[in-house]
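A, B, C and D label the chains in the order they appear, each numbered from 1.
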Amino acid sequence: MIHLDCDYMQGAHPEVLQALIDTNLESVPGYGCDHFTKRAKEKIKVACEAPNATVHLLVGGTQTNATVIDGVLAHHEGVLSAESGHINVHESGAIEATGHKVLTLPQYDGKVKAEDVKNYIDNFYADDTYEHMVAPGMLYISNPTEYGTVYTLEELKSLSEVCRDANIPLYMDGARLGYALAVDGYDVTLKDIATLCDIFYIGGTKVGALFGEAVVVTKENLLPHFFPLIKQHGALLAKGRLLGVQFDALFTNDLYKRIGEHAVSLAMKIKNAFQTIGYQPFIDSPTNQQFFHLPNSIVDQIATFATFEYWGPRGEESSTIRMVTSWATTTQEVDELVTKIISL
Amino acid sequence: MIHLDCDYMQGAHPEVLQALIDTNLESVPGYGCDHFTKRAKEKIKVACEAPNATVHLLVGGTQTNATVIDGVLAHHEGVLSAESGHINVHESGAIEATGHKVLTLPQYDGKVKAEDVKNYIDNFYADDTYEHMVAPGMLYISNPTEYGTVYTLEELKSLSEVCRDANIPLYMDGARLGYALAVDGYDVTLKDIATLCDIFYIGGTKVGALFGEAVVVTKENLLPHFFPLIKQHGALLAKGRLLGVQFDALFTNDLYKRIGEHAVSLAMKIKNAFQTIGYQPFIDSPTNQQFFHLPNSIVDQIATFATFEYWGPRGEESSTIRMVTSWATTTQEVDELVTKIISL
Amino acid sequence: MIHLDCDYMQGAHPEVLQALIDTNLESVPGYGCDHFTKRAKEKIKVACEAPNATVHLLVGGTQTNATVIDGVLAHHEGVLSAESGHINVHESGAIEATGHKVLTLPQYDGKVKAEDVKNYIDNFYADDTYEHMVAPGMLYISNPTEYGTVYTLEELKSLSEVCRDANIPLYMDGARLGYALAVDGYDVTLKDIATLCDIFYIGGTKVGALFGEAVVVTKENLLPHFFPLIKQHGALLAKGRLLGVQFDALFTNDLYKRIGEHAVSLAMKIKNAFQTIGYQPFIDSPTNQQFFHLPNSIVDQIATFATFEYWGPRGEESSTIRMVTSWATTTQEVDELVTKIISL
Amino acid sequence: MIHLDCDYMQGAHPEVLQALIDTNLESVPGYGCDHFTKRAKEKIKVACEAPNATVHLLVGGTQTNATVIDGVLAHHEGVLSAESGHINVHESGAIEATGHKVLTLPQYDGKVKAEDVKNYIDNFYADDTYEHMVAPGMLYISNPTEYGTVYTLEELKSLSEVCRDANIPLYMDGARLGYALAVDGYDVTLKDIATLCDIFYIGGTKVGALFGEAVVVTKENLLPHFFPLIKQHGALLAKGRLLGVQFDALFTNDLYKRIGEHAVSLAMKIKNAFQTIGYQPFIDSPTNQQFFHLPNSIVDQIATFATFEYWGPRGEESSTIRMVTSWATTTQEVDELVTKIISL
């Protein structure tokens, strides 16, 4: 049985785990004031080619989004997001719980368009009553999106330009960023992201760590008192070393890159298998999440040798399913899966 | 020049003002513990035929919505609303500032449909991940809506039924309730509202008072500690008497009813005048707000003898305008306006 | 029976009420965009000799405190206050409801000492763990205090200096400011307050208005987006004119000053009467609030011809009572009271 | 060099780490829906002899306190705490950030007294203005306290009785609970705590885990929708298994107990060593935190062979230091330390 429900079904990538084991008994200060954390931050800045960036390590994605967005926005501001954005759908109202509205934009396979952002902002300030409305104070995008799609360099440049013209920060939720960077022929690098976004995070939880998200702030003075805010949000780990050790490992010997490439290449094998037997992907995702709309009879057959998630409720005759690969998915089990799919 | 921009351009209806003058020097306790407030609450309960209801008097609409919704919802819950609902558009994020998401439903001339509410709730609980999402915890409707339309008795019954089946309170924002109740042939009474809604407010600010909104809670134990919450929201008036005196006056000699009927009958005259010269209303509102889509040349002519608001930005060739009547609009000035419209 | 329970037992001072009557039918824009409000703001700036100040008119005191403090503080900051400060005791947690801690200082008859403020700040930053603690982000003082006492010019200068050295704003709650300014021989003027405080409010509710507090911001850019924040806090009055008309009246023909002087002179008569018969004031207040600790037998006799509040619970043998004068207290009734007190 | 700065300077106890290693590759569902978590919860309920309790696993202490307190309190309520309580001092205002005031009580070596709690509540409701004040809605205690002291069974019974009489939940922060339970002759068991408290947490972060706190709710319906609230607070771990595996290990073969006993017995050796050379502890702590007030000359000598924390700023001639033991402190290094102390 191959497990493709999601990319957080196992613990840590062996190299990350080994780093935790190797450092377990070393005594270091708490709350991220340790040398592992310092080293991890340096490596991340190097990987982003952003020597002036500030890096913060937090525990989880919803926590990171809420802490960052709360920190960036003024009271009267909300955050623009695709209506399918994680912050708008699947964070139990964490953003609103910090007092801020999520302002929704149309989504195109999970992505937002620069012109929609521009129109939103233009229309907002053209409205005589805008001071009675929630001002767009930042733009949230996820890359890859919740549907596995990725932004092209051209798209990111347009979004960045619109945001900078409007003087609102561009924030990228990179919970699965490693899988975007590993897309075959992808024209966006960490450096591009650091240049075009004002703040973003490099996800660890879904890309090989036990947990952990690395927030990279490239816009100066964007979050002047972020440390106490992290603490206030309950996002400060006493043993901050754990984040440092893990990100240090992820950014050693290209591990973060290797994990992404491994998972994406296996996802492509699965995608191809379904295409081979005539099923086009439900969403054309180039990353580790794959979506297929299949007759229930096929779904039920697959369920005998693989686990996965239904994407939405099971239909009467056909359903959409999601299959997700990760570092823990093995080539052997995918090859066996492909064989079974092709012979469906 | 007739002023039709909105229904809060003057002070109080003369009878309300007189009541304030008459009682000005009487010494009474603060914070709503006075006999005027007590009497006003009793009159409101009589008017609603709801002897077991609890009545609270607050200052303004946004304040009332935020205090009520914050008081009713649990942390993980949001409030369902038409996407055009005042709480979703024009309250500067006051609801989100209390930590709660506004969950939007399609609007039909400002109204929501019971089946959309039911579907939202059904789909929510059908989603396996619903505990990661914001639960629908109450339904907000405005009556009249932001577009001047009103809910029929049948519609209210359906909404009430859906809400009670789902065990979520139905809350009516009655900022302009007096104008709904005055609609010619309207089949909904205050008693119906008290019976079908779990909580609603009778607007004073836009219906003859200097300010003030009377919250009527008919569902038992819905807001067990509302007094300190009112205070905490900055919604408690030291001279609470002012609210008592005004609502006492509004519910004396049918003043609230008379104000509504006066304004609606004048609005109908204006509506008819435009129809006479061939312009159908932009939205078919039976209340004191009227919307017309007109060629800019006509708009500009009207602007020489009346003030009004543009509804959205002025168009290149034609625009939508809103005209609003109130207690302060006189029959004479409307008759003159009608004459001028007809001769456009 | 003379009513001395508090200074908000009647409506408005007759001159304020007359202004509301005179302007009642004039049509003006809503939300404070009217000419009355503009004129009131100008008069306040003139009275404060602060031409560059920004003035905002809000409805009530708790609302004003919560909106201002929420607007000024960063997320990780709290507000320093005497432990007896209104925001710490009697606002139902309105400040905490906006997410901020009230950091308490010792009180001396309701006042804070500059050295305590300085020590608090110094000790805070001397603590290695200060980033895990709530940073002192502003200083709140009330003048007169909750105990009727006032700050001297020297004290205000010291507080201002400490705050400016620490780069935190000094905020004065002037709910009863008119009564401080009317203290016999008081060496502090509105101009001094405008010079020494970064933000303060001139209370209307307790000094002759139906309601209303005028926030004066003298520090540049302290509250850059205050309008939507006022709206978000439910503190924006649709008929903003009401605040404009009232403050216009209060700052016409020295009304604000006259009200203060009238009430304070009557309070001094009462104080003297008690001293004449051998009871020193419980707190030596020079303003319109007077506190006496008296045998219950005396308290009970007074209760036959005056109403007042117990300050704390009634004791077994003696109790503390508070008597408060206002514009509505007449010289005749105070003279009669004095006669009765002296003959106790 | 022996490291005694705090009890979170290393990773996990080897048995906990081994459990993480052993289970690393097993595929299980996310968000705590895994069998490790289920098993850990069962073991905790058995250890507490509380079969009807509900157990939730969260990541860190501040996060746990904020999520629990926010979940338990109504809007108008605050949480009673010793003024030295962690929530009042060292959580960057996390409680206030959820909208609730921390209501402070005097502390006696970090503990609160039942009579103070009772007096606070009695005085609150005796005050006529109590509805304008923040109601005491729960009692927070830490055990051991921030000063290492512990509550006796008698004290806990009194606190529990006062709370139940007042109908407010008693909540124990057990960040270091393992060290209290290991106190020589301690008359309080986990079962007592489960019986006397309405909710408490068993700390993992400071007692052998990488991180993790187990919330035990014994009062029925105290937190009816806690799962989405955990998510909303950013406290839900995608790989919830990590908490399950760790608490499973801590409650296997009495590991939690062994860790506590190990650390406390070493702390007692250190305490005795200082007493031997004539220094009584600054606070008489029976747990793993020890406090000594020493001449700076002694402090400086100790600093050559041990690390520790200053408790407050270094004094001119003498200072208070804190030494903390944990599972990672070895008997050998403590014996060497003792030898060095005795020969100071």
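Structural remarks
Quick note on the criterion: a residue touches a chain if its C-beta (ideal position, glycine included) is under 8 Å from a C-beta of that chain, and two chains touch if they have at least 3 such contacts.
This is a predicted model, so every value here is computed, not measured.
Its interface matching that of B-C in over half of the contact pairs by residue number, A-D stands out among A-B, B-D or A-D.
The interface with the greater count of contacting C-beta pairs, when A-C is set against C-D, is C-D.
Rounded to whole angstrom, the centroid-to-centroid distance between chain A and chain D, based on C-alpha atoms, equals 34 Å.
With centres defined as mean CA coordinates, chain D is found 42 Å away from chain C.
In this assembly, the C-alpha centroid of chain A lies 51 Å from the C-alpha centroid of chain C. Residues of chain C in contact with at least two other chains: 75-76, 91-93, 97, 99, 131-133, 228-229, 231-232.
Of all the residues in chain B, the ones that touch chain D in their complex are 31, 70-71, 74-76, 99, 131-133, 135, 224-225, 227-229, 231-232. On the side of chain C, the complex with chain B involves touching residues 3, 5-6, 8-12, 14, 17, 20-21, 23-30, 59-64, 66-67, 91-94, 97, 205-206, 210-211, 228-229, 231-239, 241-242, 307, 328. Within the complex formed with chain B, the chain A residues making contact are 75-76, 78, 89-93, 96-102, 126-129, 131-134, 310, 312-313.
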